[in-house]
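Look for chain A in each of the two complexes below; its partner is chain B in the first and chain C in the second.
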Partner chain A sequence: MKSAPSHARWAPWVFIAPFILIFCVFTAWPLVQSLILAFQQTFGPKSAKFVGLANFTFLLKDPMFWHAVRNTAVYAAGALFVQLPVALGLALLLNRPGLRGRAIFRLIFFSPSLVGLVFVGLMFFLLFQKRTGLINAGLHALFSSWDPEFAWLDHYVMPSLIIASVWLYAGFNMIYFLAALQNVSRELLEAAQLDGAGPWARFRHVVIPEIRPVAGFVVLLSVIGSFQLFELPWVLLDSGSGPGNSGLTIVMYLFQTGFLTGDLGYASAIGWVLGLILAGAAFVQARLARRETP
Partner chain B sequence: MMRRFALVPVYTALVIFALITLIPFVWMLTSALKNQNDYFASFFLPRGDGWLGVAWDRLTLHNFRRLFTEFPIGRAMLNSWMLASVTSSLATLACAMGGYGLAKFSFRGRHQITSCVLGALIIPGPLLIAPGYKLLWQLGLLNSYAGLIIPSLAPAFGVFLFRQTMLNSVPAELLEAARIDGAGEFRIFFTIVVPLVRPMIGAFLLITFLGAWNNFIGPQIVLQSPEVFPLSVAINNLRGLYATEYGLIMSGTLVSIAPVMCLFLLLQREFISGLTSGAVKG
Partner chain C sequence: MKPPATRSRSRQISLVADFLPPGVWIVVLGALISSAVFLAWPVSPGIGRDFWIFSHQRLGDYRQAVAQWNGVHRDPSDQVNVTLLHFYALERRLMAAATADAPVADLVEAERNLMARVFAGPLEDVGFVDLTERFQRENILEQLNAPSITPWMTRGRIFGLPHDVHPCLLGYRADLVEAAGIDVSQIETWDDFCRLLAPLIQDLDGDGRPDRYLLNFWETQRDPLQALLLQAGSRFFDANGKVQVDTELNARVLAKLVTWIAGPARFCMDAPEFTAGGDLMRLNGTVIASILPDWLAGTWKNFIPGLSGKVKLMRLPAWEHGGLRTSVLGGTCLSITTASPDVEKSWAFAKHLYFSKQVAEGLFRSTSTISPVKNFWALPFYHQPDPFFSGQKIGELYIQEAPHVPERSSSPYDSLVIDRLMTALIALKSYALAHQQFNATELQSEAHRLLTEAQADLATRIGRNVLFQAASTP
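And now, the complex of A and B:
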């Protein structure tokens, strides 16, 4: 039998009040508004006209939107297949028993995560310049056949973005992988070794199943983060979507239609489609996680 | 003996990755210290006949001087400090209070509010950009710090993080004992609960400070007058106008990231443990 609470009845409400107030005004209410806006055509915040599903039917046929979806998906694929493997690799290296200087390496790899996206964008804007940028110069010094005029930001916008994102996020995700690896049971690994399992077999059959929950979480966070990509390309491409919209992302398109064209209704429709994509990703991740744990 | 040599490839790989991570920082620092000619002539330090073949005397603080005299970067830096410290301290207080309320009290509606917190976690930020802008316009909060700060004061992610922490690390008996002794609810919160979750408070202060300091899209949308811009917007605008003055852009970026780097070095232990506690123990 639970005893009656000894605290005053108002106490919990006072503590939660700031959250409830701000949640209602700045999350719940805008959420409802965005649903209404998505069915309107607007010109700035002042005038609106109900247009039914027109925003959505137009969106599905809007080649710019699909172009943005494709770019964003390419970036997400880069996060999953380039950035996360690098993060896991760094974590595995740092998790080697007997390694010295682990704390300092961890600090170095993590340090880019402190740099805001704007500042990363500015740094890489200069790093990727033809001739004067360090990346072309370095590659030219290492491989003399490399063209120092290589136009990263004109013709290779997506690879540039993925390179910048590896520098920025690999160390951040490494922290999660490392924490998971340090929780892998020593006994299990030693038992596998006694049974004659080599390093690859131990990784495949002991380490991977043990870090799977954290890996799933990191993958989901990366996909969600990737689909909200905006600031990095916006700054890297000097406040624009790049030559031929080669760096246009979903949120950048939302920003452009909402604030440069002034149609908050269409921008909201884009927001809802993005929300559906993210909900889909979370759903798939939840299903996969359930299937893997019996 | 064997073991030590077995680690050689590991160290080699780690050092190569560490260099790749650090070189952009070094490049930024040296570029900020060079004049325009040396920026084009050399990639790191300018070559000359000084010690180690470097022209040390050609290093200059010219870019930094211009940044603070010709451009309103000093003002932007103050704006950033103000925005980030107000946002982070108030948000940490609101989130710690919310997490405490949800974790340590039983009352009707608790489950519904917890579901709201979890629901808010998965709402993508960009979805709220357009209606949020309209709302701030209706409330007359556009172009004001209030419009930038208030909406970010109680992030669901923070309430959730503190709820999880409080569940484990604040014993109910301690709270009961304090109540029997006649301590008021706020006194209990500030003198018993807050010290118990101190590491999370430190980590969360840093997370929200970084978030507010580095926020770009928020000020870009809410603020309109150049004198209220924080560093993120001011430095990007500087690049828009002076795209070829590389040393100037580099020094601007450097003064923008140096303060948070120092803050992090001071608090890093708490930060990294706070960051992973939710994910791993979860």
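And now, the complex of A and C:
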């Protein structure tokens, strides 16, 4: 058998060398360092002490961490069960044949995702204010029984966050769904219609199986994005985690622990556990996708 | 058989031709040239000493003082460059310097919480020059307001020259209060305040809900909560640095505060500072009074001009008859970093700045902040009527309270303690609403239970950290 010329063997390495170099310096090395840190106790700018698994054992018993996990899971559930159905609904609306102004609607629905998270956080911070916020002021003007001091950001932090994220991300995810819907086979839909399938039956038995790979991808992205939630609640809750930590997410807790309390070792442990949670989510999604593939 | 050398060379040529088109070479060449230029670019070493600040309101006054200093100290190495950074940028730069020896200024104005954080480890890790001997040698302590020094001290050592005192008064809508015929001189305690001003709580739009409340305070406002607890006498840490939140006093204060924010006797509302909504409520008279440290009085003057002539200051009502009539909120110090090559020159500049009458006057005029230098308190500019506060001599009013401001700790866990106390207050309010229990005395047992939980959590977090324990041991 004829062996490949030598340049063909090493040329790929030349091409990926810049990536490997950058990856090693900015990803692999910090990862190794953070793993080492996770087994240390740090306090003050320069002091560190090896403590074995103490950070991880403390984390398992830390009610604040589990509170953050619960809040993050609630937000992720909101993303899955509110945001994605809204996105799919918008995509179905825009995919209707003969719809006028499709491009305008697409732009309107997508445009919130063109602005940054910080902007959205600031905007909803103003909208949700007691008395002076547009939502409370508007509802009080419409219904005098509405309490103008309704405390969205005190007692309804997670619903407020989910509302803000729906506004921000529904249009973005709609684009994925719309692309998938436009690839659904016309022949299949017509065949189903000829066989007497109604709109719901066609949606359930033709459309959903056809868009399932894209939906799986969007679900995975949403779950990963939800577990990395930081900027939106940080700005919406005025650089805090809300009353009674009602808006505390895992990454916020990591930030507070590492950069406000100065306990970088414990923060690294939280980061690694978050990484494991995300890897678990990706693994489950991959297994489900494989099981569904014929 | 080994291929001849000529064939090997032709392979390399074909590699170039096949895989690296001219565009790639141009990019590579561009990268190499720019890297070479970047590396060869002459970097001028920093001349003079750098001074980082985070308050834009102080910048103008500091620039004048720096120009004055630079006019006298002609040697380039003695010149001072003042740089305004965003608060978080300054914090990150200091942390980067502390953890990774990144370049840092010679002098830095540090805010209280940031300073507490650098006190977390051993003394040698603080990153700022220990000024204790200088304070003693030059009688600095005697010249300054005593309670204003503790936030900059750890384990008996002083690491910062205090910039301010920040005593608290009560700012109130004098136009509304006086129109209602209320005489605030009758107010001594918070109970008096609530009783005498109660007629001002009114439903202005006829929807059955009050549209005006007496005090800007809410369970989510950590600064006013801290000020009220300090005023009541709470200190959060004992003399040995051990956390103490589960106290009779804290339970009593939290229970009382719940009756301020919930139930039939509610008189507080949420009009947060530094928000457009909060400022609008102050302008509309939706809220009558706010706890006002001197710097916040300056902020009102600068950012809510519509209040001019409508507001006045009074001493904070006390928690009980004969109790403390002030509190303290916020704080900044000037510190010299250990990276400063000439500490004596930096110290000389620090004194030039903070012991300058011109700077003190400028700061008072631009931010209403009074100096901690006691000798300055007799200067005329502190004793002039202020039209914004209806002609009151606000400098004088703040100076009267300055010696009485509560002492504060410099623990790195201070912020966490306030956080837990705030959480306990929120939980206590929820309990009161759920049980429709708005009697302060009867809420105390639940307050105690919540504070016991908070104490246990704080003790676990602080106690877990062996480095902090070691660092805290005298």
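FYI, the second predicted complex is superposed on the first by the 268 of 294 C-alpha atoms of A that agree within 3 Å, B and C clash if a C-alpha of one lies under 4 Å from a C-alpha of the other, contacts with A are read in each partner's own complex, and residues count from 1 in each chain.
To be clear about the criterion, a residue touches a chain if its C-beta (ideal position, glycine included) is under 8 Å from a C-beta of that chain, and two chains touch if they have at least 3 such contacts.
This is a predicted model, so every value here is computed, not measured.
**Student:** Between chain B and chain C, pick out the one touching the greater number of residues of chain A.
**Tutor:** Between chain B and chain C, the winner on chain A residue contacts is B.
**Student:** Going by the contact rule set out at the top, does A:Phe81 touch chain B (first), chain C (second), both, or neither?
**Tutor:** neither
**Student:** After superposition on the shared chain, which partner residues are touched by A:Phe50: those of chain B (first), chain C (second), both, or neither?
**Tutor:** After superposing on A, A:Phe50 lies clear of both chain B and chain C.
**Student:** Which partner does A:Phe283 reach: the first (chain B), the second (chain C), both, or neither?
**Tutor:** After superposition on chain A, A:Phe283 lies in contact with neither partner.
**Student:** Taking the superposition as given, does A:Tyr176 touch the first partner, chain B, the second, chain C, both, or neither?
**Tutor:** In the superposed model, A:Tyr176 contacts chain B only, not chain C.
**Student:** Based on the superposed arrangement, let me know which partner A:Phe58 touches: chain B (first), chain C (second), both, or neither?
**Tutor:** second
**Student:** Per the contact definition in the header, classify A:Ala11: touching chain B only (first), chain C only (second), both, or neither.
**Tutor:** both
**Student:** State whether A:Thr132 touches chain B only (first), chain C only (second), both chains, or neither.
**Tutor:** It touches chain B and chain C both.
**Student:** Could you look at A:Trp66 and tell me whether it touches chain B, chain C, both or neither (first, second, both, neither)?
**Tutor:** neither
**Student:** Once the two structures are fitted together, what part of chain A is touched by chain B and by chain C alike?
**Tutor:** 5-7, 11, 15, 45, 126, 132, 238, 259
**Student:** Please give the residue numbers of chain A that touch chain C in the complex, ascending.
**Tutor:** 5-7, 11, 15, 41-49, 51, 54, 58, 63, 126, 129-133, 140, 144-145, 147-149, 151, 154, 238, 243-245, 259-263
**Student:** Would you mind writing out the residues of chain C in touch with chain A in their complex?
**Tutor:** 11-12, 14-15, 19, 95, 98-99, 117-122, 125, 127, 207, 209, 219-220, 269-270, 272, 275-277, 280-281, 286, 412, 415-416, 422-423, 426-427, 457, 464-468, 471
**Student:** Give the list of chain B residues in touch with chain A in this complex.
**Tutor:** Answer in residue numbers: 3-4, 7, 10-11, 13-14, 17-18, 20-25, 27-28, 31, 39-40, 43, 93-95, 97-98, 100-102, 105-107, 110, 113, 116-117, 120, 122-135, 137-138, 150-151, 153-154, 156, 159, 175-176, 179-180, 185, 189, 210, 213-217, 221, 232-233, 235-236, 239-240, 243, 246, 249-250, 252-253, 256-257, 260-261, 264, 268, 272, 275-276, 279-280.
**Student:** In the complex formed with chain B, which residues of chain A make contact?
**Tutor:** These residues of chain A touch chain B: 2, 5-9, 11-16, 18-23, 25-31, 33-34, 37, 45, 90, 93-94, 96, 98-99, 105-112, 114-119, 121-127, 132, 134, 137, 167, 171, 175-176, 179-180, 183, 214, 217, 224, 227-228, 230-231, 235, 238-239, 250-251, 254-255, 258-259, 264-265, 267-268, 271-272, 274-275, 278-279, 282.
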